[in-house]
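All chains are identified by letter, namely A, B and C, in their written order; residue positions are counted from 1 within each chain.
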Amino acid sequence: MKLLIFLALSIAASAHAQTLRIGLAEDPDILDPTLARTFVGRIVFAGLCDKLLDLDEKLNIVPQLATSYEWSGDNKTLTLKLRSGVTFHDGEKFDAAAVKFNLERHKNLQGSNRRGELAPVSSVEVADPSTVRIHLTAPFAPLLAVLTDRAGMMVSPKAAQAAGEKFGSHPVCSGPFRFVERVAQDRIALERYDNYWNKAAIHFQRIVYLPIVDSTVRLANLRSGQLDFIERLAPSDVPALKSDSRFKIDRIVEIGYQGITINTGKSELAQKNPLGRDARVREAFELSLDRDAIVKVAMEGEAQAGNQWVAPNNRYYAKNAPIPKRNVARARELLKQAGVSNPSFTLMTPTTSDAQRVAQVVQAMAKEAGFDVKIQSTEFATSLNLADKGQFEAYVLAWSGRADPDGNLQTFIACKGPLNTSGYCVPEVDEAIEKARTTLDPTQRAKYYEVVAAHVAKDRPIIYLYHRNWLWAHAAKLTGLRTVPDGMVRVQGLQMK
Amino acid sequence: MLNYLLQRLAMLVPTLFFVSILIFGLQQLLPGDPAIALAGEDRDPNVVAFLRAKFHLDEPLPMRYWYWLSGVLHGDLGDSVRIQKPVTELILEKLPVTLQLAAMAIVIALVIGITAGVISAVKKDTGWDYAANVFALWGLSTPNFWLGILLILLFAVQLGWLPASGYVSPFEDLRANLAAMIMPAFVLGNAFAAVLMRHTRSAMLQVLSSDYVRTARAKGLDERVVVLKHALRNALIPVITLGALGLGELLGGAVLTEQVFTIPGFGKLIVDAVFNRDYSVVQGVVLFTATVYIMLNLLADLAYYLVNPRMRH
Amino acid sequence: MAAVVYEQLEITPRRRAWRRLMRRGGAMFGLTVVAFFIAVALLAPWLSPDDPLATSWSAVRAAPTAAHPFGADELGRDVLSRVIWGTRASLLAGVVSVSISLALGVPIGMLAGYLGRWVDAVISRITDAMLACPFLILAIALAAFLGPSLSNAMIAIGISATPIFIRLTRAQVLSAKAEDYVEAARALGNPHWRIALRHIFPNIVPPLIVQATLAIAAAVIAEASLSFLGLGQQPPAPSWGSMLNTARNYVDQAPWMAIWPGVSIFLLVLSFNLLGDGLRDALDPRHK
């Protein structure tokens, strides 16, 4: 009998004695949810820090550290009921006071990147140890989605206060794994946290995240067995891996987009170039493009064509502005109407391989309508700078996406949007965006977005092209991956058979 | 001799000063606002303003140089903005990795280069000479990032003999460490092998035709003894000093190889920092490797000077 | 660029005639191949079967056939045409970079060597400083500063390689200065500039030619390296380095995208190296 128990225990132990090795496409930045600025950092957080709320595969809000939420009658207060029995990695209790501490830290810490996301939050009230009330200056529909990302991540108040600025080098959260070590540009190692509230869903003892920038090398590591899982498989590698039964590819359309931003009013360059000053020229440009062909050639089919800030299968996609079909004849006609015979403009393109391919395909397609597109390759850091100053005519820009449609829209299209590099400003659009973010009813919001879409489709400050597929590749024996459009690798449920 | 040493040491200071200006200038002149580059995709205006203030980015260039320089003189090379770690810590963390890679590369280069050079010199003007020449030149003629990728595809993916990339500390697992380092060391050592081969060849040829060797031959000594014991020993001196210099070069220059093989050494650190506009990292690491290089240069010259009476003036 | 630095420190051995003959075999091969590539570059418009920029959605990554002898790339462009046109970019990368280095390095080196004293001291310290920074880092920083393009890459590589030529020129000038004929010229009252130009300069040309040839080889590789980091020739214009860079994502499905530019780089660089070695044998003065 004892032997059986011993055997059972040791089998159970060995099932947990495994390390999951995940290959990342970049080295994350600071591992402090308040200060973090990169997409890839969020993947590490998925194993390290739990959040108040989470997303499911259909982008619905589901509980994590908060078990339920409720809006007040005037929609200006969000009451969250918190899960009991949750502790941080240092043993401290997770309660409403901790939530208050964290939200205030996100809002007030110097250099915090979460301030903009939590701007409408005016105060946080501790109703009782397991209930917290968030008060807003005005109704703010995206708040729930915001709390499923870094702004909803909870760190241990005690550890944060003790470490101060250096918290990021040794983060203490309440996720399934706790921080062990980090060697810059080499690895981030996490160890299973035995008191995790959902530990039944955790089947690994350790996770090691290994940043490998070169996608060929990252894939080579997977194929040679040194990694169990890689994120952002290159579309060109899909055919080779598909035929290898040792591995499996999972995919889902992202919540972000790839598009071309046109300077329509950011600087005087907008007026100098026909593309920037004449909507007909922009329409002609869009009509010269065949989005399906772009997806097929530049992304090997691993993307979904789109013409709005959300994908066509998103519930907030405005049906009154469908994707236009390619029409070179009409494009030429429009150019004639506009009195422009051979329009030429510079397409600022970051030196990433995706952007470069898209730019070249666009260049070739637009040529048939008479456009002379000059590709200006610019280092990414420089391109951001130039865009903010309005020193561009057109710019190939991707956005990683936010769960709430407002996160893909307001910063770029609203007059005062901080990332509105197009310089677009239409009062009706601003009004609609504002109404959409202060209304909680999805159907009503969708109607406001239709108004926005009607304008944006006509004015074309941004020509949205497609939404990439997140491509994950892993050992076939690894099961339990949830394909969520935010691109995160959720460790709950992952198991090596 | 002491004079020479003092002279050379005195020249160190202005050289290092120019290095500091050069690398500082290059960094600060890079286009693009570093605060925006570091602020991430969201480019929150508050964060940007915070970063600008923290790194004195609104102050005039000479002031910023002064802040940095005074920090350096106190042993503080600043912090990496991206991951908030002191540059000195990063250097200490990556130095063993880079050193190991450079050392292994030099050893490989010496083995290949000296062997090829000796064969080439001894079997002069035969097919052997030509073959050794081309073999060594091959290293110089292929971009090393390309060679690296091909080797990974062959040895890691197809054959499964070696890991595709990454680094394991030798203290953790010596075997895995060597397995991971052998390919990148080979890629690096390859190019340098060609250089060493040329120098070995010319040094050997010179020695082989010298009176010393002619005497040894006349004494009836076995040819192999002549070559290996007498000629090689003398020919090796300049070659070894070159090897030491190569170490200095490789410390900072293994940029592409480290990128491809994901070896967390200086090269990768610097390149990523340049693209992320993480100034302090680039400035600190380059200053460090430049200092080491100059020191090694000095040591090599001293060694040359000591061994080679002809150089003493 | 390691190779180029260390050549400078070499104790040059005496050359024998028959060694020159053997070397001449290699050097002749090198010269022939270089000439071949120069011809290809000049005759590109006539040799190239297709427009190197012409995309074709139906030929994406097509395997080599009669229509595309070297296959097609990820946007359906003919690889053979791109390799032919890319010869221009790669040769230019090599030649223009080194020309810049020579144009900057030789005059400065002559100044340092000829004028001596504090001019020499300052120039030498700056040169030492530049040489102490890893070559590729300098090139990357400069290329990033100027912006990603082939011409900026050439300028970046050229400037980064300048200190090597400064040092070489300076060393040659120093040893030439001590020669009898220079002292004689001075005694006759010749002005400095004439001595420098008419007496010293012609004698330092041979080692410069050798160094320049070897530097061209290294510069072609440097352009490929910069392209790997996204800083060299930008698409859609072809250069072997940027073609290799794009090709590494497709090594499995379309190896021809990588083979041809890779082989071309290898041949060109190897040839310049062989040529440079041969020139050193042929032109090297009998004693140093």
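In this section, contacts are C-beta pairs under 8 Å (C-beta built on N, C-alpha and C of every residue); 3 or more make two chains touch, one makes a residue touch a chain.
This structure is a prediction, so every number in the text was calculated from the model and none was measured.
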Exercise for the section: In contact with chain A and with chain C at once: which chains are those? Just list them. Expected result: B
Completion exercise
Larger contact count among B-C and A-B belongs to B-C
Handout entry: Closest chain to the centre of mass proxy, which here is the mean CA position
Key = B
Exercise for the section: Would you identify the chain whose Cα-based centre sits farthest away from the centre of chain A? Expected result: C
Problem - For chain A paired with chain C, centre-to-centre distance based on mean C-alpha positions, whole Å - result: 44
Problem - Distance from chain C to chain B - Cα centre to Cα centre, in angstrom - result: 21
Practice task
Could you put a whole-Å number on the gap between the CA centroids of chain A and chain B?
Solution key: 39
Exercise for the section: Identify all positions of chain C at which a residue touches two or more other chains, and write them in rising order. Expected result: 144, 147, 248, 251
Exercise for the section: Mark out which residues of chain B touch at least two other chains, giving numbers and ranges. Expected result: 31, 149, 153, 259, 275
Exercise for the section: Hunt down the residues of chain A that sit against at least two other chains at once, touch-wise. Expected result: 214, 216, 379, 382
Handout entry: chain B residues touching chain A - in the complex, by the definition given at the top
Key = 31-34, 36-47, 50-51, 54, 80, 82-85, 90, 93-94, 149, 152-153, 156-157, 160, 163-167, 259-262, 264, 268-269, 272, 275-277
Problem - Contacting residues of chain A [partner chain B, same complex] - result: 27, 29-30, 35, 37-39, 110-113, 115-116, 165-166, 168-169, 183-186, 210-214, 216-217, 220-221, 223-226, 379-382, 384-386, 388, 399-400, 411, 418-419
Practice task
State the interface residues of chain A toward chain C in the complex, per the touch definition above.
Solution key: 214-216, 234, 236-237, 239-240, 293, 296-297, 351-353, 356-357, 359-361, 363-364, 375, 377-379, 382
Practice task
Provide the residue numbers of chain C that touch chain A in the complex, in ascending order.
Solution key: 55, 57, 60, 74-76, 144, 147-149, 230-231, 234-236, 246, 248-253
Practice task
Using the touch rule from the top, collect the residues of chain C that touch chain B in their complex.
Solution key: 2-3, 5-7, 9-14, 18-19, 21-22, 25-26, 121, 124-126, 128-130, 132-138, 140-142, 144-145, 147, 217-218, 221, 224-225, 228-229, 241, 244, 248, 251, 258, 262, 265-266, 269-270, 273-274, 277
